[in-house]
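Look at the two complexes coming up: chain A is in both, with chain B in one and chain C in the other.
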Partner chain A sequence: MEYKNVLTTCPFCGTGCGFFLQVLDGKIVGVLPDKKHPVSQGSLCVKGWNAHGFIYHEDRLKSPLIRRNGKLVEASWDEAIELVATRLGEIKAKHGPDSIALLASAKATNEENYLFQKFGRAVIGTNNIDHCARL
Partner chain B sequence: MTNSFPDLEEAQVILITGSNTTEQHPIIATRLIKLQDKGAKIIVIDPRYTQIAQIADIYLRQKPGTDLAWFNGLMHVILRDNLANQDFIKERTEGFEELKAKVADYTPERVEEITGIPAEKLVEVAHLYAKAERSAIFYCMGITQHTTGVQHVWQCANLAMLTGHIGRPGTGVNPLRGQNNVQGACDMGGLPNVFPAYQPVTKDDAREKFQQAWGVEKLPAEVGMTIMEMMHGLENGKVKAMWVMGENPSLSDPDINHVNKALQAAEFLIVQDVFLSETAQLAHVVLPAASYAEKDGTFSNTERRVQRVRKAIEPLYGSKSDMEIICLVARKMGARGFDFETPQQVMAEINQLTPSYGGITYERLEELGALIWPCPNGEHPGTPFLHKDKFARGLGLFHAIDHQPPAEEPDEEYPFILTTGRIMFHYHTGTMTRRIEKLDREVPTCVIEINPADASRIGLNGKNKVRLQSRRGELIAEAKTTERVDPGVVFMPFHFVEAAANILTNPALDPVAKIPEYKVCAVRVELAE
Partner chain C sequence: MDQRLEALLQTIQKVLPDVDGIIGLKVNAAGHIAPHLFRKEAPAELDGLAIWPKYPTPDTLRLIQKAHPGAKLGMVVRGCEERGVVEMFKHAQVDLSNISLIGLQCTREEAEFCRCAKPYTAHAKLTVGEPIEGVPDPVTEGFLAKTREERLEYWKEQLVRCIKCYGCRNVCPQCFCNVCALEDEKWVGTGWLPMPLPPMYHLVRSMHMTAKCVACRECEEVCPADIPMAIQYRLIAGDVKEMFGYETGVSMDEKPPQLLVLAEGEFERTGLPH
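For the complex of A and B:
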């Protein structure tokens, strides 16, 4: 049996409480509050306590999906990435960079948001980048 | 937030407006209530009699959409009764004379007429807030989600500057962010007008800096589209392709019938998410993303506190982190500068290009736990409160603002005001929380709040379903009667696809911040039989 506690930050609101994910034999089994955390000081709300609850949900996407004849069907990562890259390239060439828009995410990490806007600005060549901050 | 939780412990008066703190930010509410136990006074100004309002020392209920007026009323009283901080005004601000002239008209009696807040209560609050040595303002989306949202935020700043309650521990203007990393998404340039750290895309030297760093010849100099403009662009054909990373506009945006039409019009829609969200169902390509537990990174909370997200397990079910997906696509398109293997390497690039994050490295986060930006270099301890000796622009600018009604007011046809929000057990559009059994069990579906007087007038006795109609759409949902809302006002949460509040809401935008007016629209309420 292998057990570890991994200190991380709650993904459910802007308070940024800290907790440990309890990992038993490679599987997340629970959440423990962090007593020393400067924000949450050992407390969590009901969402934080249950922050591991959706991770193994049966509805998790299991494979990339591509729309074929109106229906979303499973595809490989190679196919999906190839299709995204090709179509974005074509649309940019035909209609210009500003015909492409990107929605970044108030749920993704700083690093991911940084890369996403870098992709939009440097690779596509558009400032059409926004996220749901206002919502 | 201008301040951070540890220094806010010193606040003596806490003014909370437009924040359902106990439900939306429970842990912050707990901290505020602890302060109250130690003698601090809590003032709540909110159209809903929420739990925090019940706990408050003073509660004022304004009509939805009349916030500009009560702010002016408070400042009127503060000036009339000589409670302003004249030294602070003289040394650190400009525009005071205009403000003074503007608020002169807003007597407590006139404000009572507009807002419904009793004149003597307004006076009491003005005295309490102004006379304390350290008063702090907290606000949330109840303040920003209006066509006058930016002006509301200016009013918070006006009030704080007028009394000198800013730039010291235990004071300030403190927005509570809804989503966990809104702060970080903005800091990182997830906005149409700025690069990371709010460096404007319209400024030549900013563009040159990023051109050089990213190895591209020319970055676009024109401000891009906001989310609402993108939706219009999809409809009128200006926008052909859209890539959505972990968002669900199909449920979160105002007037979603219209949004869904727009998303369906996309020639090519890419969505990456953990689940097949409502938006993903419309996509041409869906990319399975790893959850927060399956990746490394950082989030920036509402205090500007940058903290680590740590990988507990490998990505599940063949998913990939958003970082890996972006890098794969970029490299496939032949781009350079996307050869990152770890988020730590990305942060090293962020450190170079984002002055406020200059000293926020993984090594230091490991050692210190967290850093609050601005943190310009590797020796800097971070900045728990802003505006200590001067404001970012130098002198703090007062904005003189008149009361303006919301974009849509109730009338004969649509006699109720609908205001929307969140509830404790769910997060945003519910894609994650509605799949957590313990949370879904608490509140499995949408329940509308209506005042008992209105309920009996429409004949809601015993029956519990109502039909809500606005100029944009209609829906049916369960209703419960409660004094939490005033007569003439109904409240509804927006997490639920089966009764999606944003079918009804008004997409009218604040002209500056482009925030939709979620907090006020006109609806008709009838029995659903």
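For the complex of A and C:
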């Protein structure tokens, strides 16, 4: 019998609210807002309150999917990244870097989003960078 | 170390060998505090024993007991948490036969933060700290000083800020229904903000807290919009006391009025005092 609370950051948006995941016998059973968190000060929005809902959900993707002959099939990360890199390279060579746009995500961290725009500007060579909130 | 914390630690150390675990609060390496199950297999964890801010621990007991119905547990309870487990027991949410309550008495400062009328425990055999008297609730008093029209305006101003996070329901240790009326389109439509008037979400929750609310104020604390909703629950608790002589948490065996079948003519309609 074990019950503990593990502090984490909400995965849903860029605000960065803090909450505890309640862990009972190694399984996450709920969310508890962190009263001492400097950002969220013990409050959450409806998404944060339900942030544990997807963890064990049967629809959750646990590996990348690649569309092969019109069907999505599971693949390894190496395969998926290889494919994306190759295809982006082909598109860039054929249509130029501005044929590609990047949509950053509020679910990622500040640092990840920084790397993402850097990848767009320095590696692909485009300024077509926007944010998922404006989709 | 704070005297009360020191005394609590000693009491826990005394109880721990005889139980499977003790529910209390623990601080983590980053200084953040949350409920925790202390066990004799991990005695060093007691170095992180904490007392404030409080958390809705009655729900922690419910969670653990659901998975381990027979477990012999200890639990640190403040006045409101003790009232919480007592009421949950009456609604068959927890079993108290295997639970040793360790009553932690609140300080004046804590009671003032909570606007608490009963910052002490009433059932716990082991206690820590000196019990103090309840303190006034200036927020509810301020509300009562308003006229009817002003009160209506007041609630409109307060409730328009509600973002329907459902935090007040989620955190409330007395909100444990399997099917919640607040998720029923008939009462609370999805997709509407601010909530249309009348604010059914809040009216339904107020009604459902009747003879149930234990005045822990976790709902107000969790509210991102700082809505002082416990005013309503407190006034309704006053009505319940007046009409049915019932107060939450006071006795282990007195059934709450909603679980009683009233004989016809036994009660007279008195009209609402507020």
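Basically, the second predicted complex is superposed on the first by the 103 of 135 C-alpha atoms of A that agree within 3 Å, B and C clash if a C-alpha of one lies under 4 Å from a C-alpha of the other, contacts with A are read in each partner's own complex, and residues count from 1 in each chain.
As a convention for this text, contacts are C-beta pairs under 8 Å (C-beta built on N, C-alpha and C of every residue); 3 or more make two chains touch, one makes a residue touch a chain.
Here the structure is a predicted model, which means the values were calculated and not measured.
Visitor: Answer with first, second, both or neither: which of chain B and chain C does A:44 touch in the superposed model?
Guide: A:44 contacts both chain B and chain C.
Visitor: Would you sort A:3 into first (chain B), second (chain C), both or neither based on which partner it touches?
Guide: In the superposition, A:3 contacts chain C only.
Visitor: For the three-chain arrangement built by superposition, which of chain B and chain C touches the greater number of chain A residues?
Guide: B
Visitor: Considering only touches as defined above, state whether A:25 meets chain B (first), chain C (second), both or neither.
Guide: A:25 contacts chain C only, not chain B.
Visitor: Looking at A:13, would you say it contacts chain B, chain C, both, or neither? Reply first, second, both or neither.
Guide: first
Visitor: Of the partners chain B and chain C, which touch A:100 in the superposed model: first, second, both, neither?
Guide: first
Visitor: Both chain B and chain C contact which residues of chain A?
Guide: Common interface on chain A, chain B vs chain C: 7, 18, 36-37, 43-46.
Visitor: What residues of chain A sit close enough to touch chain C in their complex?
Guide: For this pair, the touching residues of chain A are 1-5, 7, 18, 20, 22, 24-25, 29-30, 32-37, 42-46, 49.
Visitor: Provide the residue numbers of chain A that touch chain B in the complex, in ascending order.
Guide: Listed in rising order, the residues of chain A that touch chain B are 6-18, 21, 23, 26-28, 36-40, 43-48, 50, 52-57, 59-67, 72, 77, 80-85, 87-89, 91, 95, 97-119, 121-123, 125-135.
Visitor: Under the definition above, what is the set of chain C residues touching chain A in their complex?
Guide: Spelled out, the residues of chain C in touch with chain A are 20-21, 23, 26, 28, 30-37, 39, 53, 55, 60, 63-64, 67-68, 71, 163-167, 170-171, 221-224.
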